[in-house]
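Naming follows writing order (A, B, C, D and E), and every chain is counted from residue 1.
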Amino acid sequence: MKPLLLNPAPAENKSPENSYTLGPLQSGPPCCEPKTLLSVKNLSLHYGDKPALKNISLDIYEGCITALIGPSGCGKTSFLSALNRLTDMIPNCHVTGNIHFNDIDLRAPNLDLLTLRRDIGMIFQKPVPFPLSIRRNIELPLREHGINKKSELNATMQQVLQDVGLWEEVKDRLDSPAQALSGGQQQRLCIARALALKPKVLLMDEPCSALDPISSAVVEDLIKRLQGRYTIIIVTHNLAQAKRIANYAGFFWVSERAGCLIEFGQCKQIFESPTHELTAAYVNGSRG
Amino acid sequence: MTLLRHNILSLSKTDQQLSLLLRLCALISALLVALILGFLLSESLPILQRVSILNFMNDPSWHPVQGLYNITPMLSATLLSTLGALLLATPLGIASALFSRYYAPPLLAAWYRRLIELLAGIPSVVYGLWGLTTLAPLVAQIHPPGVSLLTAILVLALMILPTVALTVDAALLAVPAAYHSSAAALGLSRWATIRSVIIPAAHSGIRSGIMLAAGRAIGETMAVLMVAGNVVQHPHSLFDSVRTLTANIALEMSYAMGDHRVALFVSGLALMLMILLLVSMSELFKRKEVYV
Amino acid sequence: KAKPNTAIEKLTLTGSSTVAPLAAEIAKRFESLYPNVRVDVQTGGSSRGINDTRSGLANIGMASRALKKNESELFSYTIALDGISIIIHQANPVISLDKQQIIDIYTGKIVNWQDVGGNDAPITVVNKAAGRSTLELFLHYFGLKNTQVKPHVVIGDNQQGIKTVSGNPNAIGYVSVGSAEYEATHNVPIKLLPLEGITASVENVRQRNFPLSRPLNLITREAATGIAKTFIEFARSTQVNDLIEAQYFVPVEN
Amino acid sequence: MTLLRHNILSLSKTDQQLSLLLRLCALISALLVALILGFLLSESLPILQRVSILNFMNDPSWHPVQGLYNITPMLSATLLSTLGALLLATPLGIASALFSRYYAPPLLAAWYRRLIELLAGIPSVVYGLWGLTTLAPLVAQIHPPGVSLLTAILVLALMILPTVALTVDAALLAVPAAYHSSAAALGLSRWATIRSVIIPAAHSGIRSGIMLAAGRAIGETMAVLMVAGNVVQHPHSLFDSVRTLTANIALEMSYAMGDHRVALFVSGLALMLMILLLVSMSELFKRKEVYV
Amino acid sequence: MKPLLLNPAPAENKSPENSYTLGPLQSGPPCCEPKTLLSVKNLSLHYGDKPALKNISLDIYEGCITALIGPSGCGKTSFLSALNRLTDMIPNCHVTGNIHFNDIDLRAPNLDLLTLRRDIGMIFQKPVPFPLSIRRNIELPLREHGINKKSELNATMQQVLQDVGLWEEVKDRLDSPAQALSGGQQQRLCIARALALKPKVLLMDEPCSALDPISSAVVEDLIKRLQGRYTIIIVTHNLAQAKRIANYAGFFWVSERAGCLIEFGQCKQIFESPTHELTAAYVNGSRG
């Protein structure tokens, strides 16, 4: 794959309007021929004794955008955490079932988690900038993954900050603490930080929740541009957004105190002709 | 960042009473320090009226009975042994804390932490005896006499290691868990997370630990007295026997009289000045802490 | 000093750290015989003992040396004898040193055991901290000044000295004969060197044959009276010989 | 919560090397503790073959020369002085930290913190001397002899106060700023915020500070030796003179021989056992920490 | 004012559908006769040298819902913080201008901040549950404000948790740590915590951003029920929501690197006939 985000932005790209372009669109595998990248089978997840997910099975298709929707507490975040094995870090969290990533067993005990998490990036629901400067927040993961040339670092940083529409707002204070940014700015910084690593799969936990419509649109555009080259799983409470950008959608619900997958399919089908009545109620009842 | 201190004017009634109480406590602490300083000063004053400060720096040697008061060899011994111990104990202590917090399996970590707490409670006499009977002969095999700056550094390092380890451990524990998961999600290795995120976040706790350890190393008496050799000289190598200021006070205070006694108080004062210097230096160090 | 009317009489002893532990043991036994007497023993060195006695801070002073000329107004009572022995490591082949050799070693003129018939190894000179009466006695006997001594190690008490020498095959030091003899016979690798041809032993100190020995004295400002007198007499009696011997001092022969 | 320790299996290469290194460091520390314990045990063993452990509890008194080895008076003295000092220093130290962090105006706070750091560096001999010449006469005016359990407690409390204050201060600093603003927005008074939010959040740092302080108080020798009076007895009041285990070792080790000496090592061992007990107790205390 | 939230919920209210009712609607001052409660004049705010707000003047009317909208980083959060004086706690933050609350000068240096903040409650953009149990999180502020009766505490807790639709989800684990809740659950807990104190004014910084449509609807209903009795200022990026619930709206924008108020007026007017072209562009361009 061509180093996509490392292309220094062409000079004419610096105007605010198109500051978040990603360069020319490249053809990825088309979305209409689904090729399974991640396959989840019978995934269950417990916190202590309390079940949080029960028997989830679904396939994530390469290059596609999959939206996960469902009420609060139904286990969407837990599901994402299981995919990049962040659940390993929660002391009383137990996962059972199978997850395969291109035939690699993601639940293998001797898996190299660093590579896994580089390949499967995650953006959290609550943005957590590190207690460092804005610049260091983005440089840190890059340096750790072997990119040390100053010019390359700077170019990447500018590119990803432009991609999320933050560059103009912070370009003259890159060395000030990231924790002094506003809520939406922190959210976008964290998205940029994850993008900089060019993961194969991007898990996004409500990336637009703290964003105003303008920034939200920027991020949405960005996600659509990534489609085909990145595989994206996005948790969103904004059903309209899910409808607009996703190729596939999954609907979670809490039944018997545990989250389960009610319906999974093409986005259009889920929103327009849901087979399950709960899904129908949820996608129609919303005032989103 | 201390956030609350900016609205001092609006305190609830409990808060006002409490503020008063705390102020009182603080005043008492301050007063006690002042008292101790005053005590040292008043005891030192008689000699400072007769003997110039310069004598303490320039006299040919420390033979207080003959009126020779050069304390610089002991100053350098104190400084060197403290620095040496800190150089050893700081990385080891931080490593200990990191090990028990992030690398050891939970059960081992719990036991290990208990071990370190035990180490923190071993009295200095025991350290001293152990150093004298076990460590010093070993050092003597490399280079006599065995009781030496090196032995003192080793014993001191062992004594202050738990101070560093426990303080750093507490600071690490206070780092928000979200930093760990965010760093992990970026594929940062554990070490990268620790080095670039956790240690900066726990910075002030680490600094406190080092300050406390330095204080303890400078002030330690019994153990150093037993293992340092107590010869008043500027050490030329790690194997030279040295006498620290505290050992000097402990060795000679019991029989010192007249000017000799006063000279010992002056060396106590010198010690305090050294600590003041150290504290100010660490403040400078803190100022440099920026977001880079 | 003691007030006869109060129920509890108090006796304060200060001074030599060599005498103090012995005095403390004697005091305990004394207290059990005289329940209305409290004896308080504090250490601080012979000079402090003499000083405190002079100033009246203490009823009785303790000194591990004879009175000097300028202290002759005080009264002293010998309760035990102590000798100082030169000690070296057991593995050291040297079996004796003469007075001049010891002086040369302590003043740094001889720095290698080879020069006194030992192995080719540097000598580690162990000296006592300034102000100890052991040091004063040692210096006085060899006619040295403390400024001339070139020590490698300075120690505070006998045990520290014995441990230092036993842990270092090339060390030389000096400590009380009593403790040295005890340790040497209890598997501690040290060796007591004879002085002027006389074996360093408790027996020789008792016989007052050993040249480097000293009296352990109790000191009073005026001739002892009252409870102080009773205590001193008790300390000099055979009733406390076991205590004296337990600390490897030598009881005086009355 | 220690999050990272659950995926021990996936370490990067640096991490693996580091893990090895840290394991080594930890092993060394553990070995050293074992060595010191072994040293104490091997020195104590001779007497334990002849004299039963019970003798150390039941003998009529501590007269080791006569073969009487009751160490309970010294155990109780050590325990009482440590507890007393902790009782004084813990609230004062926490108050100090709270004062400098949340109640003092910034400039005063900075100066105050420097003062506490200075206090941390004062050597124990100086504390001892001050206690002996200034504090003891004051105590004697209330009740002779002046050198007493009370004096020892006061001096010890002063010595460990900075340990508590600095460790707690570091722990307070690590509490996320968001807790402060959230609490303030709920109209919680500063004291309520501290009591109900900040202190629970900084709990482990406070515990560490107390542990360190306790260790230092138990192990302190010189200062206690100078101000406690050193009479071997169970104290009946605060004004009684007492002898702690460390003071006992320091006092008698210099001349003790044979069984007497071994008995001193046994008392060192007793000290370690006491510390072990303390550590385990504090573990229990930690277990009780729940979300209430 | 009648203790509104302390009415124990009637038994029939316990069914999940209407578990978040507030009891019968009471009449507050009607919104059509605006009575100024908070009056802000020439408010400017700086972080260090950097201006964040410039010359903001607006009136907040009693019993009404005022929505603040605008792009990320335009100073909405900073504005809210100035109203309850949380800005005092940010070391390098300087505020100038006037804020009056019922003729009380809120910028007076000797103001009792505890009472002020009890009267003007705030819900943060990022929810911050305290490191305590769920129960203690709600009880703590109540106890601090003098409510100590066990029964009263329990009743209030249940009521506010029902109000935000969280009761059913957490009622059997009230004593477990609040920080183990899901993102949306934490958000609702923080809203409940602020409600329990019954403030006169409620500052809500994107209260629904982490919420799924169902919970979002619950909170929206709640806000509407509070209208008339509470005065609410809500920052939201969801323009549709603002349109639905607000009586008044203010539009912030960044000009010359500082936030300023472009337009303020009745909600209907702002959304349907904005006078300023920026406002028009913003309210129409959004895909919210």
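General remarks:
The criterion applied here is as follows: a residue touches a chain if its C-beta (ideal position, glycine included) is under 8 Å from a C-beta of that chain, and two chains touch if they have at least 3 such contacts.
Note that the structure is predicted; figures quoted are calculated from it, not measured.
Note on connectivity: the fewest chain-to-chain touch steps from chain A to chain C number 2. When chain centres are defined as mean Cα coordinates, C lies farthest from chain E.
The centroid of the Cα atoms in chain B and the matching centroid in chain E are 50 Å apart. Work out the mean CA point of chain A and of chain B, and you get 49 Å between them.
Separating the CA-averaged centres of chain A and chain E is a span of 29 Å. In chain C, the positions touching at least two other chains are 17, 156, 160.
Along chain D, residues 1-4, 12, 176, 180-181, 184, 189, 192, 201, 253 each make contact with two or more other chains. Annotation for chain E: residues touching 2 or more other chains are 89, 113-114, 126. Taken in their complex, chain E has these residues touching chain D: 84, 86, 89, 113-118, 121-122, 124, 126, 128, 130-133, 136, 140-141, 144-145, 175-177, 190, 193-194, 197. Of all residues in chain E, those touching chain A in their complex are 47, 50, 69-73, 77-78, 125-127, 169, 173, 180-185, 188, 205-206, 209-217, 220, 237, 239-241, 244, 282, 285-288. Interface residues of chain C facing chain B in the complex, by the touch rule stated above, are 17, 43-48, 51, 121-122, 124, 126, 129-132, 146-147, 151-156, 160, 163-164, 167-171. Residues of chain D that touch chain C in their complex: 63, 65, 145, 252-258, 261. Taken together, the chain D residues at the contact with chain B in this complex read 1-5, 8, 11-12, 14-15, 18-19, 21-23, 25-26, 28-30, 32-33, 35-36, 39-40, 92, 95-96, 98-106, 109, 112, 114-127, 129-130, 133-134, 158, 161-163, 166-167, 169-171, 173-177, 180-181, 184, 189-193, 201-202, 204-205, 207-209, 211-212, 214-216, 218-222, 245-246, 249-250, 253, 268, 271-272, 275-276, 278-280, 282-283.
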